[in-house]
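Presented sequentially are two complexes of chain A, the first with chain B as partner and the second with chain C.
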Partner chain A sequence: MRSAKPARFSKLARFSKGAAWLAVVVLVAVTITFALSRIVPADPARLAAGLEAGPEQVERVRQDLGLDDPIPVQYVRYIGGLLTGDFGDSLRTRGPILDDVVESLPASLELIAVSFSIFAVLGIVLGVVWAYWPRGVHAVLLRVVAVAGAAVPVFWVGLLLQILLAGRLGWFPVAGNLNHEAAGIAEVTGAGLLDALIARSPSAMWEAARVLFLPVMTIVIHNIALTIALMRSSLADQLDQEYVRAARARGLSEWRVVMVDALRNALNPVVTMLGLQLGWLLGGVVIVEVIFSWPGIGLYAFSSFQAFDYNAIMAITVLSTAGFVLVNALVGLIYPRLDPRIQEGG
Partner chain B sequence: MSAADLPAVPDALAAAGSRRAGGGGRGVLWWAAATALGVLALVAFPGLLAPGDPYSLEVSNRFASPGSANLFGTDDAGRDILSRVIHGARYSLWSSILIVTFAAVVGTVYGALAAWYGGILDRLLMRTVDVFLAFPYLVFAMAVAASLGRGLTSTMVALCLLWWPSYARMVRGQVKSILNDYHIRAAVTLGASRGQILRWHVIPHTYNQLLVRFTLDIGNALVALTGLAFLGLGATPPLPEWGRMVADSKQFALTAWWYGVFPGVVIFLTVLNFVLLGEALRKRVEL
Partner chain C sequence: MSLLVVDGLTVVYPGAGRPAVAGVSFEIEAGRTLAVVGESGSGKTTLALALAGLLDRRARRGARRLEVNGEDLLSAGRKRWRQLRRTDISFVFQSPVNSWNPTRTMKAQVKDGMAASGRAGRMPELYDLLGRVGFEDPERRLEDLPHQLSGGMLQRVSIAVAVIREPALLIADEPTSALDSTVQSEILAILGELRREVNLAMLVISHDLSVVSRVADDVMVMYGGKAVELGSRRNALHSAVHPYTKGLLDSVPSLDGERKTLLPSMAPGPLPAAGCPFAPRCGLAVDECRRTEPDLAPVGATLAACPPAAAASTYTSGSPSASTRSSTPASSTSEGSPGCSDAAGAEGPP
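Showing the complex of A and B:
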């Protein structure tokens, strides 16, 4: 809280520190995955050339891909490629990996954005309800949700929902994303809900929501548990504090005391946790996408792993590591807004 | 960076507020003993507990629904699912315990050394830990497990690599604060050597929290391990690994619901047991 100038300096310092950290983490991730991709038992050239290829053909592919160069040369070349945004070609789809990623990203982002908004908002609301009214049937139910939801394996919940709601009852499609052609809308962004919104087609919107429902519910069931639990304990702690009693004694409205003063303080750890969960979703979405054949980045990653497509595996590891670090850095930027005690210099 | 300073997941879970669960007393200890005994029995003597052979194929009896002959029904090869689940503990549950044990031992030594030596070494060691904690664990475990070749061992190696840093961070924090205690100064004054102090006056004080974390983490590791197995990275057929069984059941989900449901229930109850037990242990430790 001094003059503006030092604060701006420290902001710049913080930014460059964060950028350097991102670079270090990604570099380590690249190095580890690169090392792994060169010690694997399978031969990438053989995979790329196809099963029917003879020895000479495999050799030619090896030269074309630069796999016969010394490992350090390959490493430097790979890093150089990354710096110019070139992740190499996929051995499986034969196209540039970046194109594949860009194509499958919208579906994943849609899934993550919808699930995250639901479990974040609903989790906070339910946690507040639980903390404010700690006794009653709802409290028992919330405790069951909080403990069971966190202990239940995601892949199994997905499977159960699929068997019950899609298979037996037929309320939802078993798997797959919105079929843009069948819904009669143009594919603009690749995310079904958005495209339906752009086309102003309520029926396509309904269809997109129906397709999203099961995967979203699977993610929400697992992730809402932690949000509810943490929100409850954090707010309950705050409600026990002296300042809350003081505020009540001064005659402030209950709403103002709980929802403004106490909640603001209680949200801090919850926001941190939500940021972490958002980071985890970047990876955790793989299982859900595989169960529901959701054509996003997770399914792409899974298929690449199945096919031992190293370039794609490395690209996905690098990209998701960068995403994870970035999300965590963004959460760090939200703190000072919630808690003025955390100043930018600190 | 921020990830490192956070309450770990199990902490938040335990904070899920069990005013009653466990509640101290002897109950928790009996519960812990029963769990340990159950694990031991399942892992060491699955043959005594299982009603049948987990591997014997009986094609004429495929997809038998749950009944008196096969309590959990049979799978697509006519194998008894109950027997497979019991024998599977050796792969799913025992592997999780090994992973967490490895992480706890390596993390404790690493964290204690960092805290003890302090200075540049401490900063260097903890920066390394931060890098590991900054990886998205599922994707990374997939990459490592896929590169090492399919199999339970490579998945375990991958999870071990990713699991120890959180222990290192926790133990370092504890040791740092313990080192400021008066009893350490007393020991130094009395001329105890560094090794003696660390071994007898510091590490024992970390056991309580370690035990709580260890118990909770067995559940977490089980979820991670079976999740990777579900994706095809883990035990190879015909091993009766739990996550793998759920994965194999997927294509028969609509004809034989019991195939995937029972192994899933077992995973769920096992994780639940360790999470609640960890929570109750924490309650007791903090009393």
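Showing the complex of A and C:
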């Protein structure tokens, strides 16, 4: 049990098991998406050929796209393409989907990373404050935030912020991403904040933060509610445990009792949920990006849906599924650090 | 001078009708052990927590006097209490498993405890102490998580961490009731031995009369938050006058005969709002008992909160004259012989 060799071996075994699971989940997702794309009544060849096209042209497009082949052949070809990183061509932009994705991904990742960091950190801090000091004005306010934030729909929050902070007060731009040219910086990564940082331009950073503010706030308000509420109840549970009293009896400072002993145990369910939330964000920024015309993967997905660009839709579905599974696999690696009774990957 | 002076200690939890601890008074001298006996809900754990400043934040505490080492603690703030727990007051809890954070190694937690009392660099002393109390290979075994050690082992660590800081007062809340009887004996022996070495005052909470008969110099019996009888071990276990103490002693099964009388079970529902809390279960209860709450008064060889028992005993033996309410006659009484095993069913001291 204590010797290093079998542990190392089983670590590898567990890792391969995890990777295999990831592959299976993604394959199932691909298959379902593929099936759905062939079941829906809309005709992609018709859409790709355009409204003006005659029947012969539509047929030619159908042949070009391989849509006249038997479904199993199309399926195998599609899987083969995926394995080589080929998601097919977009019916809308006519270019490889991978290029479109690579172009729109940085903006989304920037939005997600900034929002997630804020609601994860702030949510944990506020939840801890609420659990440790359960009475007072701040507790009432936090309860309102926790209930309202979870209950109010994202699009409503987004529109409200636009009307109030952008429209009425004019503090923030209504929509859109950082204009690199206007800000006078080079487009290196595509993520405004990062590019401004690379260019060491404080004014560009300020501008990038300003355009980020409203979409980030919208995501944060919606997601922080759950984090605060779960952190509070989880830590309150831990603070009632006998070991907390025993640690106090040993003369430990409140900081050590709460932050070292209780918080670590209380973080377990919170980390699980943050992982799920991050996973949802990867596929779920669509609404926020559409509201704020944020040129990320969500907006790309939305346009692809409208155009019934089935290749793009499939690509996005596959990627967000893979992202979701990957995030949760990573979360699984955090558990044993929080609770050593849990075996890694177990 | 007594090391611990408690006078009129009352603890009320919000929303509860009766106080959890109602006007309890006693003293403990250095080197002596007071056992607090009572059933669940009698307020003994609340009493113990109050004496270590570990009460729930919502609990209301009041007292006429509360002194440790001559220091008045009625106005002590949270910081002062923490300081006291680091140097003067140690606590051992009932459940060894629940006394330790399940997700951190014992070593990390023990180190935290040692650092709190300014002994971070003196781990070897703790390993020595642990080795002496039958904890094998402490340096390596403490690398384990709590659930990898047995209850007896964990309780040994709890006691070692509590004793090594040489406190003036050790409070042990049911230190052995979560352990099986062999381990229980070992732990009691360890507690007794370490206590003699350090010469600390000890407050042991227990519902187990065999434990009480082994460790206590004095015994305080609690019922419904009140101290109903207080006396030396010998007197409290042999010449008890309060009907509850008598009932408790009679309920202990003995090897040579059947139980005499069983304590009548408690009627479901809350304790009476006024009068003696024991009145509903008491054979001696008169109307007066249901109206006024009796206080401890000398009856026979102990202090008992029972006027009817006092009245009965003046006929037979006559109570010793006591001009004022003395808190512990026990501390001045001579130590009883260890021959109380018949009453309590204990094995006697090793």
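In the analysis below, the second predicted complex is superposed on the first by the 343 of 346 C-alpha atoms of A that agree within 3 Å, B and C clash if a C-alpha of one lies under 4 Å from a C-alpha of the other, contacts with A are read in each partner's own complex, and residues count from 1 in each chain.
To be clear about the criterion, a contact is a pair of C-beta atoms (placed from the backbone, for glycine too) under 8 Å apart; a residue touches a chain by one contact, two chains touch by 3 or more.
No experiment lies behind these values; they were computed from the predicted model shown.
When both complexes are overlaid on chain A, chain B and chain C end up sitting side by side without clashing. Residue contacts after overlaying the shared chain place A:Gln162 against chain B, while chain C stays out of touching range.
When the two complexes are overlaid on their common chain A, residue A:Arg232 makes contact with chain B while staying clear of chain C. Using the contact criterion defined above for the overlaid structures, shared-chain residue A:Arg248 touches chain C, although it does not reach chain B. One of chain B and chain C touches more residues of chain A, and that partner is B. By the touch criterion defined above, A:Ile287 lies against chain B but remains apart from chain C after alignment on the C-alpha atoms of chain A. After overlaying the two complexes on the shared chain, residue contacts for A:Trp171 are found with neither chain B nor chain C.
In the superposition on chain A, A:Val260 makes contact with chain C only, while chain B stays out of contact range.
Contact with neither chain B nor chain C is seen for A:Trp206 once the two complexes are overlaid on the shared chain.
Overlay on chain A (Cα): least separation between chain B and chain C is 14 Å. Once both structures are placed on chain A, no chain A residue is touched by chain B and, in the other complex, by chain C.
Interface residues of chain C, counted against chain A in their complex, comprise 49, 52, 54, 82-83, 85-87, 90-91, 93, 95, 98-105, 109, 112-113, 116-117, 145, 147, 158, 161-162. By the touch criterion given at the top, residues 1-3, 6-7, 9, 12-13, 15-18, 131, 134-140, 142-144, 146-149, 219, 223, 226-227, 230-233, 243, 246-247, 249-250, 253-254, 257, 260-261, 264, 267-268, 271-272, 275-276 of chain B touch chain A in their complex.
Residues 241-243, 245-253, 256, 260-261, 264-265, 338-341 of chain A are the ones touching chain C in the complex.
Across the interface of their complex, chain B is touched by residues 18, 21, 24-25, 28-29, 32-33, 36-37, 39-41, 143, 146-148, 150-156, 159-160, 162-163, 167-168, 225-226, 228-230, 232-233, 236, 269, 272-273, 275-276, 279-280, 282-284, 286-287, 290-291, 301-302, 305-306, 308, 313-314, 316-317, 320-321, 323-325, 328-329, 331-332 of chain A.
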